[in-house]
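For reference, the structure I am asking about is given below.
Chain lettering (A, B and C) follows the sequence in which the chains are written, and residue indices restart at 1 in each chain.
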Amino acid sequence: MAAKETSDREILEFSQVTKVFGGLTAVDRVSFSVRKGEILGLIGPNGAGKSTVVGLVMGVHKPNSGEILFNGENVVNLKPHQVVERGICRTFQVEKPLLNMTVTGNVLVGALLRTPDRGEALERSREIIERVHLGRVGHVLARNLTVQDRKRLELARSLATQPSMLLLDEVMAGLTPREIDQSLDLLRKLRDEGLTILIIEHVMRAIMNISDRIVVLDYGKKIAEGSPQDIAQNPAVVEAYLGKKGARDG
Amino acid sequence: MGTPPQEPSSGTRYAPWILLVVILAFPLLFPSRYFQRTLINIFFFAALGCAWNIIGGYAGQLSLGHAGFVAMGAYPTALLLLFYNVPPWVGFLPGIVIAVGVAFLLGHLVFGLRGPYLALSTLAFGEIVRILLLHFRDQTGGSLGVTIPFKGTSLWKLQFASEQPYYYICLVLLGVCLYVTYRVHGSRMGYYLQAIKENQDAAENLGINLAACKVKALMISAALTAILGAFYVSYFYYIDPDSVAGSDLSIKILLVAIIGGVGTVWGPVVGACILVPLTEISNYLFGSGRAGASLIIYAIILMIVVLFSPRGLITLLPGGARSYRSE
Amino acid sequence: MESVIPSAAKRPESLPPLLAREGHGTTDSSCRISLGLKEMDAEIVLQAIVNGLMVGGVYALIAVGLTLIFGVMNVVNFAHGEFVMLGMVMTYLLHLFFGMDPGVSILLVIPVMLGVGALIQKGLISRVIGQPDEAQILLTLGLSVLLTNIALLFMGPDYRSVKTAYKLSVWAVGPILFSVPRLLAFVLAMAFSGTLWLFLTKTDLGKGLRAVAEKPEVAVLMGINPQRMHMLAFGIGISLAAGAGSVLTPFFYTFPSVGGLFVLIAFVVVVLGGMGNIPGAIIGALAIGVTESLTSQFVALDLAMLGVFIIFVLVLVFKPSGILGKGKVY
């Protein structure tokens, strides 16, 4: 097998990856790469395999075939916590806050990954909390947060692990247009500071707005890749979305 | 809603110190053997509860067979003392090694399992230890147990005619357990364990190595428990598989922590302060032949706590709710 | 150097259910582990298997109740063994005061316990449904301790037996001996297990239970009341356990802490067969009964439980969804 040449600019390479669950091929020989410092959007109808892709990257699932290279290293056999250590962190579509800990406590747990010193971790946590506009609820227990604050907490916690790449899994669901704009702003700032982002979304407005490039999945296969404008005009994409009668069970 | 925790008033700040002085001076002030014995029991079970708490309370991994670790500390100590005259303060070391080693293996085996199955496996673990101890009767004395003869006060053998030295030894052991719990509570490990307990998926996503953390907690817990098993030998002079590896003991241990307050440093102390006197009262009312009576009371308290005060009775004390670290 | 005195008599509670039977008394041989298996005489093997199957049938009745409760309510009932004990106690008392045969009293025990179970579910168990796992574990554990010690308080720790006329009867089929009380127990246990299976598959009420087990949200939409189904499931589950206790009394000691023996076996069976899987529980129970019997016969008497536990560990590690699958352990 020929050696793979990873360009310096590619932080993640998803290469001919297939994942089969029981009789169902959730991901079918999908290949794409994420360039350093870009925001890559991943879209597709329900059940297209987007969440499976996240699971594969994070080490939750092991692919039946294919490679996943992060900074040149094949992460296919790593456990999730090792993937996080390497520098990829995800947010959960259904938020998973540590309910009986405060916002600060939650973020602190994330920060402790990079430094065992509580004081230092606390400082970093406070900075992050301010950035995501959670400063006023630092002492609130996570169980008492609003939906938008919960999503912010997911993001803050992930940022605390100092990732070089962030996987966002449907973070815009349930937000008002104004809240969406605020989130997009924040994501742009993070990208400008060097963070690479892979964002999965159903809210078209958001993802078209923020993505540098977009990859489209349908029934586990990649059907399109390109700029938001290209994607919007791609007939295969339009058919995938409009030609469906209802969502498939994911 | 979002105010930082407040400073304690000066009254509550000095109270613990006064209490500490009283406890230290207690045997000298009150020569009653009965009261000293009761306090020793309180210290002993509080310490056991603390040890259990590290894995059961902080990590949220319910261990229903923890008495197995007590036996791992007790039997080597007793047998070495009886057959080879090895003093307990040396003889307890093999017990710790065994307990920690078993904890390592057991942890890796069962920590992938969900709540009830994990609990079940620990129940089976305790039973297996007990069965093995009964089976190898030629080595362990089987159901007749091991009796350590008392041959007079001896520092070497850690045998004393009066209660006082035991009082202080047990108090020191309790102090050690409390200190270890305190260090775990405030360290990265404490945060990680709490995160694991709250939501394992989230914890894993923050880079926490679930298996390693839990196993580490179990190993610490097992080591402390084994040390207390060695103390049991020195103080009670008789062990048998049912008393040191049986489910009655396992249940008492977890009761102390759960009733008092899981996941807090002082919870088990509160729990022991409730349970031990209750046992005394129940023995008094129903006669100590009816040992079942105190367990009935325990069971009722456990169910009440589970249903109405799951964070333990420590939350009813002033300032108790703050014992839970939330940030 | 003092010697540790070896024991002369084995205390019955160290023996697994198969062996802690009356008339067994003290054993003589030393009990080191002999890894060299004793002679595998075909007759002995067959007899051991038969014995194992008969006890396995009773295990099946216990396990089926446990797995039903889990399937419908998602509750792991740590107190399940104590209901076996209650069945035994009730049968013992009925026999003591009215001379009622266990095969008859089971017809009384099961309906009564059905009601008791429903009440316990309504008053106690229902409060922890939907709560984190620790709540139900600790609650049922507390219930277990409570029941055991209430029995202890009233009955004392002594081992009691129910002496029926056919207690020592044996029915010979060729070289194989069938102990009559055990055979009776097996037949009754299998009959009730079979009845449960029919109930679940053929009756509307039974189908309602299965609906709640498999798709609770849909069941509600169809007008089924989950709370009532929970009460029914719990009631049935523990009444079957109590019934198992009834049929055990002619050949098994009755004492307060007997529940502890059964709960572990029941759990092993249920994990083996797949949680919530009724045929799996029956097959698993028979398998465990045979394993226990063979281990005690060919390895060592008191290590029979160990053989069971080893299987338990192996299943948990390698096939946690149970041999027949469909269980959820992780």
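Heads up, the rule we're going with is that a contact is a pair of C-beta atoms (placed from the backbone, for glycine too) under 8 Å apart; a residue touches a chain by one contact, two chains touch by 3 or more.
This structure is a prediction, so every number in the text was calculated from the model and none was measured.
Participant: Relative to the centroid of every protein C-alpha atom displayed, which chain's own C-alpha centroid is closest?
Facilitator: B
Participant: Could you compare the number of C-beta pairs in contact for A-B with that for B-C and name the larger?
Facilitator: Counting C-beta pairs in contact, B-C comes out ahead.
Participant: Taking each chain's centre as the mean of its CA atoms, which one is most distant from chain B?
Facilitator: Looking at centroid distances, A is the chain farthest away.
Participant: Where the CA atoms of chain A average out and where those of chain C average out, how many Å apart are those spots?
Facilitator: 49
Participant: Measuring from the mean C-alpha position of chain A to the mean C-alpha position of chain B, what distance in angstrom results?
Facilitator: 43
Participant: Taking the mean of the C-alpha atoms as each chain's centre, how many Å separate chain B from chain C?
Facilitator: Once rounded, the distance between the two centres reads 31 Å.
Participant: Under the definition above, what is the set of chain B residues touching chain C in their complex?
Facilitator: 60, 62, 64, 79, 82-83, 109-110, 112-117, 119-121, 123-124, 127-128, 131-132, 134-144, 146, 149, 247, 251, 258, 286, 290-293, 295-296, 298-300, 302-303, 306-307, 310
Participant: Per the contact definition, I'd like the list of chain C residues that touch chain B in the complex.
Facilitator: My answer: residues 1-2, 4-7, 10-11, 14, 30-33, 76, 78, 124, 127-128, 132-139, 141-146, 148-150, 152-153, 256, 260, 264, 267, 271, 300, 302-303, 305-306, 309, 312-313, 316-317, 320, 328-330.
Participant: Which bits of chain B are touching chain A when the two form their complex?
Facilitator: Residues of chain B touching chain A: 1-4, 186-188, 191-192, 194-195, 198-199, 201-210, 324-327.
Participant: Can you name the residues of chain A that touch chain B in the complex?
Facilitator: Contacts found on chain A: 58, 79-82, 84-85, 89-90, 92, 96-105, 108-110, 112-113, 116, 118, 136-141, 144, 157-158, 160-161.
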